[in-house]
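Note that the chains are named A, B and C in the order they appear, and that numbering of residues resets to 1 at the start of each chain.
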Amino acid sequence: MTVQEIAERLNGTVEGDGTIEIQALASLQEARAGDLSFLHSDKYARQMQETKASAVLVSEQWASPTTAKALIRVPDPNGAFATAAPWFAPQEPVRKPGIHSTAVIAESAKIGADVYIGPWTVVEDGAVIGDGCVIEAQVFIGQHVRIGKACHIYPQVTIREGCVMGDRCILHCGVRIGGDGYGFNPVFQPDGTIRVDKIPQLGIVELGNDVEIGSNTTIDRARFGRTRIGNSTKIDNLVQIGHNVQVGDCSGLIAQSGVAGSARIGNGCLIWAQAGISGHITVHDMAQVGPMAGVSKDIASGEYVLGAPAVPKREFAKSLMIPREVARLKEEVKALREELAKLQK
Amino acid sequence: MTVQEIAERLNGTVEGDGTIEIQALASLQEARAGDLSFLHSDKYARQMQETKASAVLVSEQWASPTTAKALIRVPDPNGAFATAAPWFAPQEPVRKPGIHSTAVIAESAKIGADVYIGPWTVVEDGAVIGDGCVIEAQVFIGQHVRIGKACHIYPQVTIREGCVMGDRCILHCGVRIGGDGYGFNPVFQPDGTIRVDKIPQLGIVELGNDVEIGSNTTIDRARFGRTRIGNSTKIDNLVQIGHNVQVGDCSGLIAQSGVAGSARIGNGCLIWAQAGISGHITVHDMAQVGPMAGVSKDIASGEYVLGAPAVPKREFAKSLMIPREVARLKEEVKALREELAKLQK
Amino acid sequence: MTVQEIAERLNGTVEGDGTIEIQALASLQEARAGDLSFLHSDKYARQMQETKASAVLVSEQWASPTTAKALIRVPDPNGAFATAAPWFAPQEPVRKPGIHSTAVIAESAKIGADVYIGPWTVVEDGAVIGDGCVIEAQVFIGQHVRIGKACHIYPQVTIREGCVMGDRCILHCGVRIGGDGYGFNPVFQPDGTIRVDKIPQLGIVELGNDVEIGSNTTIDRARFGRTRIGNSTKIDNLVQIGHNVQVGDCSGLIAQSGVAGSARIGNGCLIWAQAGISGHITVHDMAQVGPMAGVSKDIASGEYVLGAPAVPKREFAKSLMIPREVARLKEEVKALREELAKLQK
């Protein structure tokens, strides 16, 4: 699509070379030749003089030098950019209802209406898949798994026996639902050696409605009962959820965070990247656990904690002042010592 | 199963509504309507007045108000709960010996007696699989891999060429055995550019007997020789084991911990969640590395370390007192300054 | 191969039992019976008296007691070891060009010359695979993905629609390219509840030439435009790269590190294990982020930072002195207090 064509579709006006062919969209900083960008706010004005974008969406009154070869003037550059974004997005695969001939579906499995099942996918005995689901290629769905309506399971997800999920869930590639929880009993033997017994993990994982789970995240089945993720909770990539963890509704767990066995996370909580939550504790509603924070005690509702061990945000900020305070104390003590010496003479 | 039926199987007596249908087991805190729970100890007495469990296993003398609709009195509620747990567990898949028609098995592969191989699994040239193994769906077993007896390989595990494991190992979904270790040589070129050469990774991974490895954990092949995991060592989910790492027997590595290349971990060690072990160091027998600890020096036998960089547990606890001590010092120095000023007048 | 045979191939001379059959190579510390090792430098002399290696490569003048049953004398033991290493390496699988009969290749996909495609691999509509690629078993290649020449994609990798990579890239097992970035909008509803809207992720992932990516690493597609990894950048296992991240050329990201959305990492940077980079910041060329460091501000070119929040290496080292300094201050203040008391009398 040329700059001119884009301008017309956005009801904008071109300044500069309207014949340039646009390949992709990008921010001013990330853009390269062939990209269309946008000036988000005057804060980024300096980037207009360094951008490699071929064209930039700007407001009607914008006037300043730029390295771009063309400008498209529109009333709302942000909105126009959002409008144009899908035109350049990779075509989303159309998954027409139907079961690929290579899928292995157990006879006792119940497949809903308008379901797509991709190549090499395995659906075992007694599994139930709701209407309108898209189950992509190379997925493993174990015995008696129950999947609600309109879920999207990306390639190479595994869901082990007995696990359950609600409607409209999205599971990205490599998600592992229902692996055994980590539970072992070391038994000290009379001869001095240790035997390590496995504690059976007899529960399941239960996901609510509208849960989304990022690539390669792992959620273990409960020791007994259920590991549960509440409605509309969104989990990022490479997150670990231990057995019997209970997460409430509308919470977020960012990449590489981990929650140990039997911990409880409330509603509307945010667990930031690489944070860790100890077992058997509670993070109450609307609380936030900052990046890399290590939580070993209950967190009160609405609190924001940081550090390892985690403390309230303000306390953490104060602790960062310690090196400066110690340096100042050293100087003061040295001065006191000198003045004292004078008096002692 | 009704409350009454459960009570009969456990030789207990029902108090309240015995006709309630029980769906699942859960702790007092996690339970919902239709669940059976148990009073683990008097410590949890308060939960008896808040639980949503329909029925609770309690001792014969327990007497206190509860929100549950029924009680089942038994001599040992913990034991009774453990007895009942399997009755409500998802039916474990029966994997009858046999090779699924869609599995691709190389002619030169040797498959033992009573082995199950699931759909879409690939077993390459010269691989050896011991008697009684269960190799589930969509597994990849590379050339000349040797797997001992009675191992259980869950769906979508990959084991690359030449790797070896003992008997009764359990590998959960998405485990990656034998990926190339991270080894590169940056070569500064005469023209100022850098070329990054790959260092060949010529070794293997060797797992002992009774090793269990959690979902999506990665264990890299050695630069040469072997990366080794000892007998009865249990590894949790999303753990990273670098090339040439040597882990002893009966050790545990908890979720998201990582061990860098050529590090050595002894017998009976515990590496807690999200901890990191630097390359080329030794964690001696029975030592523990606490959650999120970062170990960059050898750890003595039996020691428990915390923090990053890790220090002995007691030293770490003392370091947490620093903010309070600095605040106290500031006050004391201020007081000294005032008293000194009085003397100076 | 016997010790004698190895010595002959290396033009060395045997001392001790030349008939021993060598199975594998290993370092002095890791070796067991049947292994050949080497004395890297005199620093490891003590290990010569403890090694379980059957034979050791040593220099011509080396003279000291050893537990090994045989020595092979060569001018350069390190070089000789490197020469011998491939003789004991697991046979690398030969992937002859050809498409396995079980692979599902869309008609509109374009497969280059001399390409190997393994069993159960899926290549969707419009995908392009360059000459000489090895695409192993059970791989998923989405619609319109473009892969350059001579790439090696290991089993069970997924590459979602529209993503692009250059030549000679290596993707290890379980790598996830092009998952949706983590982007959600919580919408507070009039009735007090929260609805969590998904922000469409309309961009792609673009890998340069000679990129290598470790097992189970995840790289998310851009919100719009591209998440980009530059030429010759090498990424380890279990690393998380968020949407719109831009990594330059010849950089390294070590295991379990994570980079949040829209962060920029320059050329020749090193991000050590378990480090975290916040969103929207820049790590400039040749900078290093130490193990477990948490970076929340731009890092200057060539700087080495440590700690969370990360500070320059020297500053971090100084902060480790704080406990000792506080202890010393406490003593000094106590002494001052005592001397002052004397004067006050």
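Following the convention adopted for this analysis, a residue touches a chain if its C-beta (ideal position, glycine included) is under 8 Å from a C-beta of that chain, and two chains touch if they have at least 3 such contacts.
Keep in mind that what you see is a predicted model, and the values were worked out from it rather than measured.
Visitor: Among the remaining chains, which ones contact both subunit A and subunit B?
Guide: C
Visitor: Taking all residue numbers used at the subunit A/subunit C interface, answer same if over half belong to both copies and different if under half do.
Guide: different
Visitor: Which integer distance in Å separates the CA centroid of subunit A from that of subunit C?
Guide: Each chain's C-alpha centroid was found; their separation is 22 Å.
Visitor: Where in subunit A do residues touch two or more other chains at once?
Guide: Where subunit A meets two or more other chains at a single residue, that happens at 102, 120, 138, 156, 174, 216, 238, 256, 274, 292, 322, 326, 329, 333, 336, 340, 343.
Visitor: Which stretch or stretches of subunit C touch subunit B in the complex?
Guide: Residue positions touching the partner: 24-27, 29-31, 35, 81, 85-86, 88-93, 100, 102, 118-120, 136-138, 154-156, 170, 172-174, 210, 212, 214-216, 232, 234, 236-238, 249-250, 252, 254-256, 268, 273-274, 291-292, 320, 322-323, 326, 329-330, 333, 336-337, 340, 343-344.
Visitor: In the complex of these two chains, what residues of subunit C are touching subunit A?
Guide: Per the touch definition, subunit C meets subunit A at residues 102, 104, 120, 122, 124-125, 138, 140, 142-144, 156, 158, 160-163, 174, 176, 179-180, 182, 184, 186, 194-196, 198, 200, 202-204, 216, 218, 220, 224-226, 228, 238, 240, 242, 244, 246, 256, 258, 260, 262, 264, 274, 276, 278, 292, 294, 296, 308-309, 315, 318-319, 322, 325-326, 329, 332-333, 336, 339-340, 343.
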